[in-house]
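Written below as structure tokens is the structure these notes are about.
Chain nomenclature is as follows: A, B, C, D, E and F, assigned in order of appearance, with residue numbering initiated at 1 for each chain independently.
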Amino acid sequence: MAVELETGLPSVHQFQSLIREKQAIELKLITNDVVIGTLRWQDPHCLCIDSNEGQTLILWRHAIAYLKLL
Amino acid sequence: MAVELETGLPSVHQFQSLIREKQAIELKLITNDVVIGTLRWQDPHCLCIDSNEGQTLILWRHAIAYLKLL
Amino acid sequence: MAVELETGLPSVHQFQSLIREKQAIELKLITNDVVIGTLRWQDPHCLCIDSNEGQTLILWRHAIAYLKLL
Amino acid sequence: MAVELETGLPSVHQFQSLIREKQAIELKLITNDVVIGTLRWQDPHCLCIDSNEGQTLILWRHAIAYLKLL
Amino acid sequence: MAVELETGLPSVHQFQSLIREKQAIELKLITNDVVIGTLRWQDPHCLCIDSNEGQTLILWRHAIAYLKLL
Amino acid sequence: MAVELETGLPSVHQFQSLIREKQAIELKLITNDVVIGTLRWQDPHCLCIDSNEGQTLILWRHAIAYLKLL
């Protein structure tokens, strides 16, 4: 049974607008890494970030502690 | 199959009243970060906090250890 | 599909009696925090504790390592 | 839909015999705590241990790294 | 009910092309280990990596924080 | 609904051959423990290892970061 992106949820909905508006965000990971950049895409397992250091990172949702709007 | 917010559960129900009453809370994350603020919204995956430092944080439930009523 | 409290399980059943008897317990969290108090309520995601420091804490089950009977 | 103990699985089956035989075991938790004792009961979420220090501990399975037969 | 690889998801789709193109990647684990190499195969639970040190590693997805394209 | 071992998956299939061939492996846990030995059995929750120190360890899959072929 495929896992689908629940676009009706506030969190998923907010990330869709962050993708559209290319808004800068900060992500704190459970490893204590901090990633700053913009959101390229999201799916039920991962978020893809274009980091402000010019790298492409695919983050697993389970490893993210929080997302901060900058 | 969409995950829904189970409003019948004591925890979800308590968070709804924290949102309504804008009560100050402290959240301890599994990264040992501590966030103080008020709850703006909740969904099955995340809690959105207006922090007392004037920031908007979207916290993943899986990264929260506990919520303390202040 | 709502997640229900499985009252038939030994762990859930034991916590129900801890709530009734207001028995003192110690909870060790995966953050290495230790919380001492009595159990007020439980649901499939969280345990609510009245701590011996007079605070109300809502702990996520996923962040608890063990419960010790005092 | 209640979660049931899958007695057909080797791990669950082995724990049943550890309970019957009161065999001494060592449990390493993801907090790096080490608990030594015998297994009293198991359910889909937790293991109950009578520790060799005379305490009763209810351990969440999600917090256990491994079980070692002593 | 078998868990299947959801090839329609952006993350799974991206990993398929990384496998085809043998593109160098860096994986940061929640243990803070860093693994550099190429992706050999993926399934719903694991990623198999040929590391640049000539070793074969099977990584559990739950232990990966992020994947960085090199 | 019993969780079954998905023998069609590459990871599960590879572990079956490691069991048959008694191949030496190294397992890195999320506690940073490292276990070296051979795989005795697997089920959907756990892997049983005969360690090279002559001990029997039952590892929870959720606590394993990676498996390295030696």
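One rule holds in what follows: a residue touches a chain if its C-beta (ideal position, glycine included) is under 8 Å from a C-beta of that chain, and two chains touch if they have at least 3 such contacts.
What you are looking at is a predicted structure, and each value in this text was computed from that prediction instead of being measured.
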Report task. Using the contact definition stated above, find the chains touching both chain D and chain F. Result -> none
Report task. Average the CA atoms of each chain to get its centre, and name the chain whose centre is farthest from that of chain C. Result -> E
Report task. Please name the chain that ends up farthest from chain B once chain centres are defined by their CA atoms averaged. Result -> F
Report task. Return the distance between the CA-based centres of chain D and chain E, expressed in whole Å. Result -> 32
Report summary line: Whole-angstrom distance, CA centroid of chain B to CA centroid of chain C, is 18
Report summary line: Expected list for chain F, residues touching two or more other chains, is 1, 29-30, 62
**Report entry** Starting from chain C, with chain D taken as the next chain, the full ring order
**Finding:** C, D, F, E, A, B
Report summary line: In the complex, the residues of chain B that touch chain C are 1, 4, 6, 8-11, 14, 28-30, 32, 61-62, 64-69
Report summary line: The residues of chain E that touch chain F in their complex are 1-3, 29-31, 33, 35, 41, 43-46, 48, 55-60, 62-63
